[in-house]
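Here the chain labels run A, B, C and D in written order, and each chain numbers its own residues starting at 1.
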Amino acid sequence: MKSVTIIGGGVAGLEAAARLTRMGQAVTVIEKSDQLGGRLNQWHALFPFRTPAGPLLSKLRNNVAEGMNMIVNANITGVEYNDDGFAIRINNNRMITANSVLLTTGFDIFDAEKKEEYGYGIYENVITSVELEQMFHSGKPILTAQGNIPSRIGFIHCVGSRDEKAGNLHCSKVCCVTAVKQAIEIKELIPSAEIFLYYMDLRMFGRHFEELYKEAQFKHGIQFIRARLSEAFENPDGTLQIRIEDTLLAKPLKMNLDMMVLMVGIQPQRKTGNLIDMLGLERDADGFLMQEDPYGSPFKTKIRGLYCAGGITGPKTIEETLIEARAVAAEINNYLKHKETYTGHEHFVMEL
Amino acid sequence: MKFDLFVLPFALGLTFLLGYLTVKYSVWYFKLETSDRVKVRKGFSSLRVIRALREIFFESLLHRRIFLKNRLLGFMHMSLAFGWFLLIAVGNLESRIYQPAELNLPYVPIFFKFFHANPGAFPMHRIFSFVMDLLLLFVLTGVILAFAKRISSGAYGMKRTTRLMASDRFAMTSLWLIFPLRLLAESFTAAAYGGGDFLTGTVGNLLGNLLSATLLYYPAWWAYSMSLGIFFIALPFSRYMHIPTEVVLIFSRHFGLEETGHRTPITEIEINSCSRCGLCLDACQLSFAGGVHTIQSAYQLKAIRYHHIEPKDTFNCLMCRRCENTCPVGIDISSIRMITRKELNGRTPDPSFDRQPAIQTRKADVIYFAGCMTHQTPAIKKAMQTVFKESNISYWFMDELGGLCCGRPMMFAGHHQQALLMIEKNRKLIEESGAQTMVTSCPICFKVFARDYNLNIRIMHHTQYLLELALQKKIRLEPIAGSAVYHDPCELSRDLTIYEEPRQLLGKMMKLTTAEFERDNTLCCGNSLANFSAGNDVRQSVTRDAFEKLTSQGAQYLITSCPMCKKAFEKVADVPVKDIAEMVSKSIHKRQPKVIAGKLKAEPSAALTFH
Amino acid sequence: MIGFGYKIQADRQIDYDSNNRRILEFVRDGEPSIDWCMSCGTCASACTAAMTADYSLRRLIIQARRGMENEIRESVYRCRFCGKCFNACPRGVNTRNIVYLMQLAATKITNHEI
Amino acid sequence: MKQEGKRRLWQEYQKEIATDKFFYVRSCVRQNFFPAAEQTFLRILRDLGKTVYENPGHTTCTGIGYHSDVVPLHTTMTVVARQFALMTEAGYENLAVSCITSFGLYTEIMDTWHHFPEIENKTREYLRKATGREFTLPKNLAHASDILYKLRHDIAARAPYRLINQATGEPLRVVEHIGCHYSKMFPHKGVGGAEYPYVLVGLVEALGGEIIDYPERRHCCGFGFRQYVVRANRGYSLSCSKKKFDSMEPYRPDCILTNCPGCPYFLDRWQYVVSEMEGRTYGVNGHGIPVLTYEELAGLALGYDPWDIGLQTHQVSIEPLMLKMGVPFDPSKKYLGKNGEYIGRPSKPNVLKIDMDALNTEHRILITEY
């Protein structure tokens, strides 16, 4: 029985942990926050079917409950490694060794205050998609800062994505469909409200996403305006005036909103102490962890025995993250079984 | 002079009715165009009257057309109309003979049995009272049938029967009561004072044993008279207005009056001639395939007559003319629908519709006009171009670049004025080209070219033109394997009745199977341009239904000659859907290139040199 | 007043809140499929009228959504009702009915009926 | 509006501003539009005991020509290099710039040189060839409004008059307008950045006024160089300012405060033009909304005679504001220039009110008291 340490107790980490334990490996999960589940703790319902996040979260937690070592509130201060394995120093005194390490540290969410002209943190009725998700979760009525039921709500796409000014050139992939999902949810809570989505492109890439988009239009009369917000202003009554170009008419347009939701993007972890830099791993141009070979061995890093999965290698849906977790578990298991001879491309052969 | 108070309701009712009709009809007459009034005056002093009367006898009394379509329904209408007519006629005769001296006011024959309870020793009275009883029975069967129809129209092979409005129900009830009450009145009288025949006599005896006839016969006559009076007063405001107006319609038709495209007294006459018999309901595909039950002609005419038109209904019609085809009164429904659309949407602030593309006319023998829709079915365009090329015809593809419109769709939208502007522009182009023939692939365009452009050149749909080429041996057709069923596009059928040409042409290429719904009974493909309101769901179910009915015999090809029909059927078809032109270009015998012909000629002579 | 030789220009900006969207309401009432439009422009590219007239159904629908009545009135009568747009629409929007209803709405506005 | 949010943001846009020993370069248009404003700046600095030097030999920075696409970049750089040389020769290293466009241009050029040293060397070569001069880059580059922002507390400490309505005790409502070239190009070179600049807000707050935000705050005044310079485009320039007036009026501002040469002139003049064209005036009693530069405001607060700081050259009369602030003034001296000679008075506008009779009572009291 060999040992695996999984850094990051989010969706990818927990699923991989469960699988590896089932495969008979000794698993340790290190989580920096005080609870397991990662981002899933923040979501209310998952697209495209608006599946409640709760049950999935508790399932992930329960799977790993028994037979493995859990460390929360862990602050990793150093990692040493050689061909045999890894030594991870946490909270400056404790040492954890492992034959193999899996990085599932995920991603950061764009700090909306960086888009100053949108007034997040300055205008009272500007919130982020994450905050809206938590409002849904709290079950409390959706109200403006002034305590009124909003009669017009706007969703601003691509906040911190595909934006040189925001330092992120990549597409965060999941925001488009999230916006459509949240628009429908809010419309169901406030049927009288007018809902607008301001998009650059609508990227309904996944299965059932287009259907959700159609439902938003056909069933809920949600309006989609092809535009990117230039600047917002707060009216004396706390409502917002936004200025956009109605690109399909090639005319500037101004309108008032009671509430503005910023679809904040997904970006790589850059804060000091992030493991990518600590371990001297390479990043791609977009700043996410570079995969050695996206087709051949997407989970392998240049360090022998160190694997990665989930949001650390780019924006992903939870569905995709779970699939990656299962795949990486299988690969790590193979690695530990044939550690001495393993080069990282066997799993192809073995599955043939 | 015979008189009793109870005749008053009848007398008043009749007077009112006659007065009302005289006023209404004379108003219509004087509103007519002068030319039409002349027609009418001339008409009355001509043989046309005879023909009109003949039709009135066959249609208004015998209801021949209905009878041919539906025996039971026909008999019902006949027994009511003809039966009642005879009752009045024979009644009059009877009273004339009985009281030659006296003044014979209209009520006398109606209430004859009251005034002559027991005719006594008059020789022919047996025959008369027998005949009158027989006629009464005849009418009563009609009433019973009508009653039964209300309960279950299915029994009459009708899927639906018209929904009646209050005034109709009121008039209908009074109408139905007239004859049973007459029976009662006459029977009580017979019971009290003798007389009466196999019907009134027998019923009289039966009732006499149960009730006191002497007490009841007088009220019965009152009731009878009341029912008549009420019916006469209700008539002009109910569907029964059709009874007198249909007569007027038949006359005016025989005198050569017809719809002009805008609302005239003729329109009014037609609207008032609709008996809402409901035959149009079952003819309508939107009804039996589309689940739309508000727009059928009976309802549209009613809506127009009582001024509660719903635009969404007016514009929710396929204009396939199936209803017109079944209408026993032969009302020109599609003209009336077009008039209504014009009234609804005709007023537009932009009459200067000066936006046709600037196109240079080209001199040619033949103009080919594909039509907007054909640009969405390029196979048809290509086929026609191949044919022209193969038969070395100098032609000008007028709307090759698109952007030209024939104007018909604008008419469907009610924009007649704008349509005429476009027509005028197109007409100039066509005339300048000096062509003698104009061929179009689109039946919608074809109709407007043929009807509204008044060009003095030949306007042909490609079905006709291709056949002509084949007959003139300009193209040689070779057989194509497989059987085909031909779908008549509405626009080419019913009104323009182009049935033979396509069939003859197809016959030259492949085996034709027949379908129940063809020729003047053809179905709309569902893609009708005339309909604005129907969405894809309704249209598709119409298409699917039509397709199943067409291909029930299991043909290998569905052939049509309209790009719209093609597009519609393609959506649902599990067999290839082709335009007749495509089949022609497929089966056309391609001329051999000259060089090869030359070689063939050379060979024998070369062979000779070896001898 | 003084002639300065130049003028104050009208604001080009669409003022969504001061615009009246009654045309949209009227059309939606008779033809809900107007909400299905995703502004792909297939209709406008199939359009017969657009070949020669400044006319775009895609634009009209957006203008209705924004409440741009004058712009709608200006171009809505350029339609020829040939119906190609309806055949072309990938979302099954009943385009012709929308144009017809827009024209009807325009008339009703003139007659102060809506 | 979450003020703490704004303050958090302002913290990210702090810049180094020298406090003494300035080499002052003037603005071409300001010397024509509001000549006394720059005088006032020098006066304030000197009253605060700062040394400020200006060399009469300094020239335009060519900004107008540059932004009107008539002066090539390298020429512009060489001219700017010459200003630096004059500064170097005078032994100064803190450049104080009067004009926003010059400030933007200097910033732009220094940034260009920072990224492309070869261009700087080329420019040095041009300057040498043309004038034989050498220069060292300014140690500190600040716009004059930056400097007053930096010294705002000293000014406030000495100011007898504040942005407080004497009649009501309420703070006066000020809308600020920042020149486009101040921080829109280089947000980190402007106090408070580009979206919510703090440079004028700071001054207003120090003087007890209330700053008001309004939808078109970020909008350009419309000068736009060739937009105004070319007469045919002038309507466009005018429309831009009008857009701002329409947007700010509902917020009932007591005055407009600016830090750019063109903006105060156009925000002032266009109010008159709009009134003549449309008969429409902004502000109360048809007097329009007074427009001030930061120096003029500081000067007023410091109790300088309004006619010495050139307020009579404004199209929209400043009197209503002065009355609210309780700044004493002698209407009879309004049109007397240096050593008392009459400088002539403008003809009376048709719509815009400039006489004091229309002022409301609480203002009159102040007049009589004076």
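Here is the rule we go by: a residue touches a chain if its C-beta (ideal position, glycine included) is under 8 Å from a C-beta of that chain, and two chains touch if they have at least 3 such contacts.
Since this is a predicted model, take the numbers as computed values, not measurements.
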Any chains in contact with both subunit A and subunit D? C
Can you tell me which chain lies farthest from subunit D, using the average of the Cα atoms as each chain's centre? B
Give me the ID of the chain with the smallest distance between its Cα centroid and the all-protein Cα centroid. C
Centre-to-centre distance between subunit D and subunit C (centres being mean Cα positions), rounded to whole Å: 46
Distance between subunit B and subunit D based on Cα centroids, please, to the nearest Å. 84
Between subunit A and subunit C, what is the separation of their C-alpha centroids in Å? 41
Distance between chain centroids, defined by C-alpha means - subunit A, subunit B (Å): 67
In subunit A, residues with contacts to at least two other chains: 254
Sites on subunit B at which at least two other chains make contact: none
Report the complete set of touching chain pairs. A-C, A-D, B-C, C-D
Note: in the complex, subunit A contacts subunit D through residues 113, 116-117, 121-124, 231, 233-236, 241, 254
Residue ranges of subunit A in contact with subunit C within the complex: 214, 217-218, 221, 223-224, 226, 246, 248-249, 251-256
What residues of subunit C sit close enough to touch subunit D in their complex? 1-2, 4-9, 11
List of subunit C residues in touch with subunit A within their complex: 12-17, 35-36, 38-39, 58-59, 62-63, 65-66, 91
In the complex, the residues of subunit C that touch subunit B are 30-31, 33, 46, 48-49, 51-53, 73, 77-84, 87-88, 92, 94, 96-97, 100, 103-104, 106-107, 110
